[in-house]
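In the two assemblies presented below, subunit A is common to both, partnered first by subunit B and then by subunit C.
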Partner chain A sequence: MHLPAAFTARTSGRGILRWLNAPERRGPLLVAPAILTLLLVNILPLLWSFGLSFFNYRANRMATPRFDGLENYVDLLGDDRVWERFVTTGLIVTGSVGLQLVVGFGLAMLFARKFPLRRVLLMLVLTPMMLSFVSVGIFFKLFYDPTLGLLSWFVAMFTGEPFAIMATPAGAIWAIVIADAWMWSPFVMLLVLAGLVSVPDYLYEAAQVDRASHWRRFKTITFPYVKGLILLALLFRTIETFKTFELVYLITAGGPGTATETIAVYAYRLGFQNFRTSEASAMAYLILFIVIVLTSLYLYLVKQRNSEEV
Partner chain B sequence: MSFRKHNEGGWGQTLVSGLVAVIYFAPVFWMILTAFKTRQDALAIPPKLIFTPTLENFRSVFVEVTSSGEVVSTGAWLYFANSAFIAGASVLLALIIGTLAAYAFSRYPLKGNDTYLFIILTTRMLPPIVVIIPIFLLFRITGLSGTYIGIILLYTSFNLPFSIWMMKSFFDDLDREVEDSARMDGSSDWAVFGRIVLPQVLAGLAATLVFALILTWNEFIFALLLTGPETRTVPVAIASTIGGSIGVDWGKLSAMITLFLIPVFIVTFALQNQLLRGVTFGTIRK
Partner chain C sequence: MKKYLLASVAILAGSAACAEDIVIRMAAPDWGPTRFMQDYANETYTAPSGNNVTLEIDFIPWANFFDRVNASLNSGEQKYQMIVSDSQWLGNFVEAGHFLKLNEYIEADPELQAIMQDVHPALVAGFSTYPHVPAEEIEAAGGYAPDISYYGFPQFPDAYFTYYRNDLFCDEAENAAFEEQYGAPLPCEPADWDDVTWEDWGNYGAFFTRTAGETLAGETLSEDVYGIAYQAGKPLDFSTMQINAFLWQWGGGIWDESNEPEAQVMGVVNSPENIEAFETYLSLLDYAPPIAQTGQMGIFEIQDLYMQGKIAAIIDWAALAAPVVDPATSSVADVTSFAMMPGHMRDGEIDRSANLGGQPFVLTSWNDETVTREALDVVKWWLSEETQIAAVKAGGQSGLQSVMNNPEYDSWSPWNEYFRRSLPWQKDLWHVPEMFEMLTQQQEEFDRAITGQISAEEALNNVAEFQDELLRDAGRLD
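After this line comes the complex of A and B, so read on.
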């Protein structure tokens, strides 16, 4: 008597499985768990804070938020303090990414050849970018310390006075730039190395036959092969440095005054110290917009590079 | 990586590169040395390169002596256990979900495949500060703040974009003719995935796994704002010990960082050939 019911239940269970297993649903089925997770944990919260950015919500108050329209955005863009933070961030990005390109390129040239112990030595140079921002922040805090730090001791050998790099606004910017560039020059090195290794052998052999000078060889053979990767390194590092938060938070905490306060640190202050949640959300969206533009540019260049190779 | 003969340097090159490498590595080396110094040696001016090493700092990371002479745990083992557990659980989850999705993005492109991939990468390129405000509010409402489930869920989604892009780059590298011929011979799509595709990307899977583990092990901002006393990870514990430079026990702090770095060293060494792919989220392979 119960057989038919059980039977239909089983077929319908199988039916669902078969429906799911259809070839045209394979892609969506496999992607679904990932998309759902990202929707739940990333996209929805982002939409929520996008909504919040149009109100005057404060996370530490009970008052019903009032709809403010674009007021937060207008206020932020008209605020000199925000522009100052943009300038500070720009200085750090320019200084650090510039330094990374120079140091990274130099390191790559040093490690482009094969030599004994290369793998071990390369390891020493590559380690910094695998470290936690917390470790790097603390290394440099100790390194810069006016009484205990190696830097102060080294300067004192010449001047006789302890040296506090973080006491002046310009010095503090340098302190961040050096720490960040130290950590990420290996990244640039890695990309440049990949470019150097991809130069076909016969080009160098031909250059040798032609007795081309070192500079000429570099300009006409080496550089064309690495310039694409250098551009990618530049963009990738610009995106990442633009978001700089941890190193500033740990080394200078934005000081002296607000001299090293980047926009990410400023947004954090707005949101978690002043509890101006809506304004912080609007600020976050300004940062988001810039990052999206840079990321699309990066991916466009990556795609171009990959299609050239095929 | 392959090299050309014309470009080979000898021991002279080793000397020059070695000198540069040692100088470059000096900040890390200095911190490790400090971990083995007594308090006086750590504070000595001029700095001491030669000293009698002590393990006292490593001991003091885990146990301390109270004023009544009792030896009690500092609780630091909990932070290390938390870091390992939270990173392990979230990376495993992200890798399973991410590998399936990456395979689909590579073999069964959806309508708007590239748009999906772009949005997925963007969620990873976002400054954490953008995501953290709403997440913080969400966690406060749902009571997930300070719980293991909350931070694991967050780190799973944090590792997903990375896993998807990395694994897609490995799947894209494979030769598809093998799969097609297996399909011709009557293997189901699932059998092709399990018996032919997966075994070929095991190395890639391993690289993605350890890379994601390190990224999560190192993560600071989310952990700072979303873990509680019970779920605190090592980076937060380390950062909380530096208020001002006065009163910081540099020896103990260095010992804690040194312990924290050990897994990172091992992984960096083991992964040397996959580093490029890893640091660029699989967008640059060679």
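After this line comes the complex of A and C, so read on.
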């Protein structure tokens, strides 16, 4: 029998649809647009900048880029200025993440209990992490201002002198640490709180029957439940604080001198102020390498913990 | 008759059909001088060519102006036909091929030549030439010489001078107390400031710095008041702008780009004159608000504190003067006067050298011939006497000597006289593409000295070493 052409086309179109709709192809097809977008806006630029890091390319020059091999990486790792920025970043990460864990844990312990206005207060405490970096940066810049700021006004009530926290390198690092910890302690609190509320009540009731002390209850019941989440918070916050840019840029601009210039601010200056595009790409990859090392360390710890539990 | 009428209509329709719609898009910082340009263009600009030309300014906040312009130019999007550029960016964007060299157009157009001759030589030098040519050579060339490369025209020229509270400086009791302490009266009238040196400025600073509870001009203070302030900030080029004035006035200087590769860095940037000048600059910060100790005392912070009545006298740009005399924004609007910036006495004469402010506007290199011609017509319109007078009357400044020589010029705003008199003293920072690295490192070192981490000498030695290495690597030093 001879079928009309239109009918053949329709059935072959249906055939393609049926082929595409097969269960084994449906999944890959559904994620394909996301993967394609990821490739275009993330992976491709990543590979492109990785390639650039081996050249001497400068975005503001007409000259054809020259292949320099590992020279940018060697130069950066041998540059005292880079190591100074790593030390500064390390100080800020240690201070800020440490403070976030202490404050976040304390807040979580507080909000794990029931008390009047708990929900309202919880919402207020969560507000800082919902604000934009620019708002927080400008707020703290004004807060620290020695002439108009609240901090100076408060200190002057006791000393009679205006207080310029950002006048010394140590003070300026503290200024960044406090601002970052203020913004992100609620995040740590949220994670720890999720762990705390998941502890079954009967465990505490049994401990009470056994007349276990507060410390013992905390050590043997509470902490094991939240340990994994604290590690997660530690990892997230370490990675994020390691990349700190906005708060530093807005509050101290890296000063006094370069005392608060983090490695991310330095990479920005290399790329967008000094136009050393290839060096800045290499710097970004060094930062990425450190972040990957930190992540691997976390995964290793989690694996260790799981194997211990088994 | 009907036939003639139809023909006329056809000709008119034909000419209308020939008129092109052209948009001149210009990147510009978002502030008064550029807002005025947009509004005035909307009101008054008609292209002489007959085309329908629209000036469309893309207003970008100052804080990320450079980032946006830089990203646009280097990405190759070719979005802008004109750009308001900082003068120091010229070399960078010229060498990257983004800015159009204007010589052939100026050469062929007597009107543009007349404009270049009318623009103040200090502005032609700073805003237009690359490689940089000093103002003296521009003056000798009469504004235009074919062997000099020109790129920009003044969009908004600026200079800094003194803002002071006349209620304090003219107060009789304060005057008597000052005279008793320092043996000279306080400068009350603007003309009295003509002989003021940095030493006097320091005396005013020490004298007017009072704490809450003390008396000032007959009133008991509820808050601290500070004597003086000028730029001492790490962001952008704040410290450098003010420190350069000190270096030049003391007979020192910066690396002379107009004389490369012979001009040297070592021994110039860290010369004894520069060290003494920088030490003087640092010593005067003792009488500034405590924000100076943090290295964050930029032009806006100074302006803000002054408008709140917390400082007796400041040095700031003309561009920031308008809100200071506006009672809606300033608590000292009615008691503010303007005067020349203090200077340094050398060989019996006062030196007022300072760093040029303001911005040129330039044409981009990818415009076709029609757009370039239209953009140049916009330049001619902006730099016409009529437009410039309107701009000055609206609170701006003009770089045209014909406008500044107008007998009424000084009366159009209370600071015009001091801008006009300051202009011949202006010199500019470097314009070479390495400028960004030089400026960033210099700001860091100056900031260390301002915040007391290192001495003036150490800071200048560090700056000199860095610039020497950088400029040698770039082949700009012998």
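Note that the second predicted complex is superposed on the first by the 288 of 310 C-alpha atoms of A that agree within 3 Å, B and C clash if a C-alpha of one lies under 4 Å from a C-alpha of the other, contacts with A are read in each partner's own complex, and residues count from 1 in each chain.
We adopt the following convention: contacts are C-beta pairs under 8 Å (C-beta built on N, C-alpha and C of every residue); 3 or more make two chains touch, one makes a residue touch a chain.
Being a predicted model, the structure only gives us computed values, none of them experimental.
In the superposition on chain A, A:Ala264 contacts subunit B only, with no contact to subunit C.
Touch criterion met: A:Thr168 reaches subunit C, while subunit B stays clear of it. Using the contact criterion defined above for the overlaid structures, shared-chain residue A:Tyr204 touches subunit B, although it does not reach subunit C. Looking at the shared chain after the overlay, A:Asp145 reaches both subunit B and subunit C. Of the two partner chains placed by superposition, A:Phe55 touches none, neither subunit B nor subunit C.
Using the contact criterion defined above for the overlaid structures, shared-chain residue A:Phe105 touches neither subunit B nor subunit C, since it reaches no partner. Contacts of A:Phe275 after superposition: subunit C is touched, whereas subunit B is not reached.
For subunit A, the partner touching the most residues, choosing from subunit B and subunit C, is B.
Common to the subunit B-facing and subunit C-facing surfaces of subunit A are residues 59, 141, 145, 147-148, 272.
Residues 67, 70, 74, 92-93, 95-97, 224, 234-235, 289-291, 293-296, 305, 310, 433, 436-437, 440, 444-445, 447-448, 450-454 of subunit C are the ones touching subunit A in the complex.
Of all the residues in subunit A, the ones that touch subunit B in their complex are 23, 26-31, 33-35, 37-38, 40-43, 45-46, 48-49, 52, 59, 107, 110-119, 121-135, 137-143, 145, 147-148, 150, 153, 182, 187, 190-191, 193-194, 197-198, 201, 204-205, 208, 229, 232, 236, 239, 242-243, 245-246, 250, 264, 267-268, 271-272, 277, 280-281, 284-285, 287-288, 291-292, 295-296, 298-299, 302. The residues of subunit A lying in touch with subunit C in their complex are 59-62, 141, 145-148, 152, 162, 164, 166-169, 172, 252-259, 269, 272-275. Taken in their complex, subunit B has these residues touching subunit A: 1-4, 6-11, 13-14, 16-18, 20-22, 24-25, 27-28, 30-31, 34, 42-43, 45-47, 97-98, 100-101, 103-105, 107-110, 116, 118, 120-123, 125-138, 140, 153-154, 156-157, 160-161, 164, 189, 214, 217-221, 225, 235, 238-239, 242, 245, 250, 253, 257, 260-261, 264-265, 267-269, 272, 275-276, 279-280, 283-284, 286.
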